[in-house]
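A short write-up of the structure that comes next.
So that you can tell them apart, the chains are marked A, B, C and D in the order they are listed, and the count of residues begins at 1 in each.
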């Protein structure tokens, strides 16, 4: 059973000095990055046949590696969640495991018809998120993640208010512009396209009001868009400042500060405690 | 009279454990959300007749519910504003009650001609704002509202400065571009459309200067637009930080902190004390 | 001499309770606002003759009022700058006095040829800035002005870095795109129009690169534009927070806080000391 | 050897009172600014022959001055990095020296074929960055540079997350829009152009999705773009506030504060210690 523990250690984030583990870490990242390259290259037209074949072979190899990795991660789940009653289930239902499964499953389902396999292949790109787990800029990633987590309620409220604003603006704009431009503002859902482009100040220029009152509303929404940028900026600013002052207080009191990456896990359900 | 008090309690925000109240709360929200769905669906063309009839029936039912709710709220006003001399008047003139009335009144005024009833129906969407009153993300909503209230003067000043900037930019731009593009910059009011699109950095691309000096002015306004985003971001940031430091001070002094949602109401006029 | 002092008091910002002064304050603001209305209305085409005549008469009256006001302000300058050796010169060279003069001078210079009088008339709009001097939102205006003054160096540095970025981006883009689109990128100065539209993320859509390398540069500039918004937002945020913490410290130390509007004036030159 | 030291002092940033040094400083800046003017002017078409000749002569003179300056800087390197074993090598490999070399080298390489000399000439513009080294707004430049340095990890993480977002959005968008608009979304790399324009909210309007699901994705990316502005704004805000609180603490403790421009240099390698 010692062997399984060692395999787990190698696959997990490498401890400093554990060469095997670090090699495996970077090896998997390399395969993921190469996969991204392959997805990008195969999006080009008129590729030479040799390259097409190479990409296909590379895809077989990648799938083999990813499948093996997934299998080993399931196998070593008891070491990832020690003391849990259902460690395998816990792992399989975790966010990263679902993404990993999505990346390999489509390959084994050739009888899935009507679904575009290429879109499913893009899911493999999401594996790129794992790079964030590497040690290099780890503290910064953790800090940013903590700030977003700490301000979650305020951010969700901002998202909710934004959604409300978009819906109200689209409904009113639809009644204003529908008669003048029935092809550009055919219904409230289609008008959302204008609302998003205006509120976020993207302004592609494909849809804009031409009536006087429509322009007034559009101007108001664009100005509100400024407030919409200011609100999350303020929320995140205060989040970072909170994090800093917490750090400083801990330093002053001489309390050994908990490293930012430490997570408390409930011993009963294995879920993270916030 | 105990009955009226109970009805009031049920209609108001549910206390934890008061099942009837919570059911009514969410029931009304459900009707509002369904109404939004109905408004959106009826904006589509070529709906089948059956669906049209269903939407009409649903509208009758909604209006009945909203009317009933409005009546009950008026009836229970004395419990909402205890000790006030004119609780009914106080309720009827409150912001939410006016919105509620606007949502049902158009239905009862079929003899209003010349006014587009459909626009009035959109007012019903504003009822959606009530969701913000529900308990889920309540603290965050209250905090954001508090920050905006606390920084009200600065925000209004920002709005005023923005308005001034738009007016000045439009006036100058009108004299610059009017000769070159008389159809796009016909007068100062119409030029405001360009000013808003530029200052908010939306830039639809339907109106932009073509003269050299006009482009210089446009560039300056666009660059000022960056300051315009920075100003409210700074104001709101400092607002949130003020709120946090107030909280922390209260914690340090051991004073039992007042929950953020608590509002003090003047016993004489029933208005909220800031 | 008491009379002149009283006239000065009336023309200056009204003390609470000084009815005459407050009436004059708002009266002048009213004339300015009406002037703005007149400028806006006269920008429309095809006005009826009667309205045109009315606007002309109104212009005569406004000029008379503004001239009178300017004269009185010069006359009462010794009370505005007590103890100064050259109070008249000091007033005439002040920023607001120059603007005031610009607003009335064009009217008295009918022999100025080649200069578009209409543009000079717009200068009158800048008088609108005086509204900021009124008491309503005065504290907020002073605070914002203080923050901008306190962060002046950082803001100027930001402006300078922005200018540098625009110049470098335009120079490089000119060499990249000139061959492909000689009409849109004819020289480096004209390319600045693209640079501003991209860095400020306005993106009208009239000028954009079509070569591959041009698109890469454009993307980089657009991404740098995000940093450009973030920098002043951060500067202004920290400015507001500094102002708050200064206030709080003053409160804790029980030191009678200097009102934010107080300005120290050098007794020798009469200039404001920062 | 005293002479060489004096030459070094003159070329370096002028001490207050050292007239010769200050004259040389501003003289070089003047030559750089004139060079920028020359680059801009020569980008115009149809210049008169006399002007073209003047620009060519001016280029010869500039190159002579820049070459002389570069030579002297190399010669005086031992005074810039005292105690270092290889001061010449240290200087030649420094960032500013590389830029300086790039500005003069192309002129001496007329046998370099296939490379557009004009692009190399633009490198001379980067010398403009030296203005930042002058004393005027020096403290602000140092403070901003310090804040960016202090938040380097967070900023790099933001850049990395942005890159990831762009890549994922482009990949998904390519599969969505490729069939509908094969000319605008031909492959994943080309789709990055859309992704950048949307995430930064530039929105030129040359490329935008036309399918329903493409519009949904575009809207989501535009909304995420708001968060992308908010994140660096928050990071930089907190950076400035950290800098302020550090300053204040130093003031309270009575410790003589180190001027912001002071850099500690390792006596062994001559590199700056952060």
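One rule holds for everything that comes next: a residue touches a chain if its C-beta (ideal position, glycine included) is under 8 Å from a C-beta of that chain, and two chains touch if they have at least 3 such contacts.
On a predicted model such as this, the values are computed, not experimentally measured, just so you know.
> Taking CA centroids for every chain, report which one is farthest away from chain B.
Farthest chain from chain B, going by C-alpha centroids: D.
> Which pair in A-C, B-D or A-B has the same interface as C-D, with over half of the contact pairs matching by residue number?
That interface is repeated by A-B.
> Distance between chain B and chain D based on Cα centroids, please, to the nearest Å.
One centre to the other, that is 44 Å.
> Taking each chain's centre as the mean of its CA atoms, how far is chain A from chain D in angstrom?
Chain centroid spacing, chain A to chain D, equals 31 Å.
> Would you please write down the residue numbers of chain D that are in contact with two or more other chains?
In chain D, the residues touching two or more other chains are 197, 201-205, 229, 233-235, 237, 241.
> What graph shape do the protein chains here make by touch: line, ring, star, complete or other?
Complete.
> Could you list, by residue number, the parts of chain A that touch chain B in their complex?
Against chain B, the touching part of chain A is residues 153-154, 156-158, 160-161, 164, 167-168, 171-172, 174-175, 178, 186-189, 197-198, 201-205, 208, 215, 218-219, 222-223, 225-227, 229-231, 233-235, 237-238, 241-242.
> Quick one: which bits of chain D touch chain C in the complex? Just the residue numbers, please.
Chain D residues touching chain C: 36, 39-40, 43-45, 116, 118-119, 122, 125-126, 128-129, 131-132, 137, 139-141, 143-144, 147, 162, 192-193, 196-197, 200-206, 228-229, 232-233, 235-237, 239-241, 243-244.
> Quick check: in the complex, which residue numbers of chain A touch chain C?
Spelled out, the residues of chain A in touch with chain C are 201, 203-205, 229, 233-234, 237.
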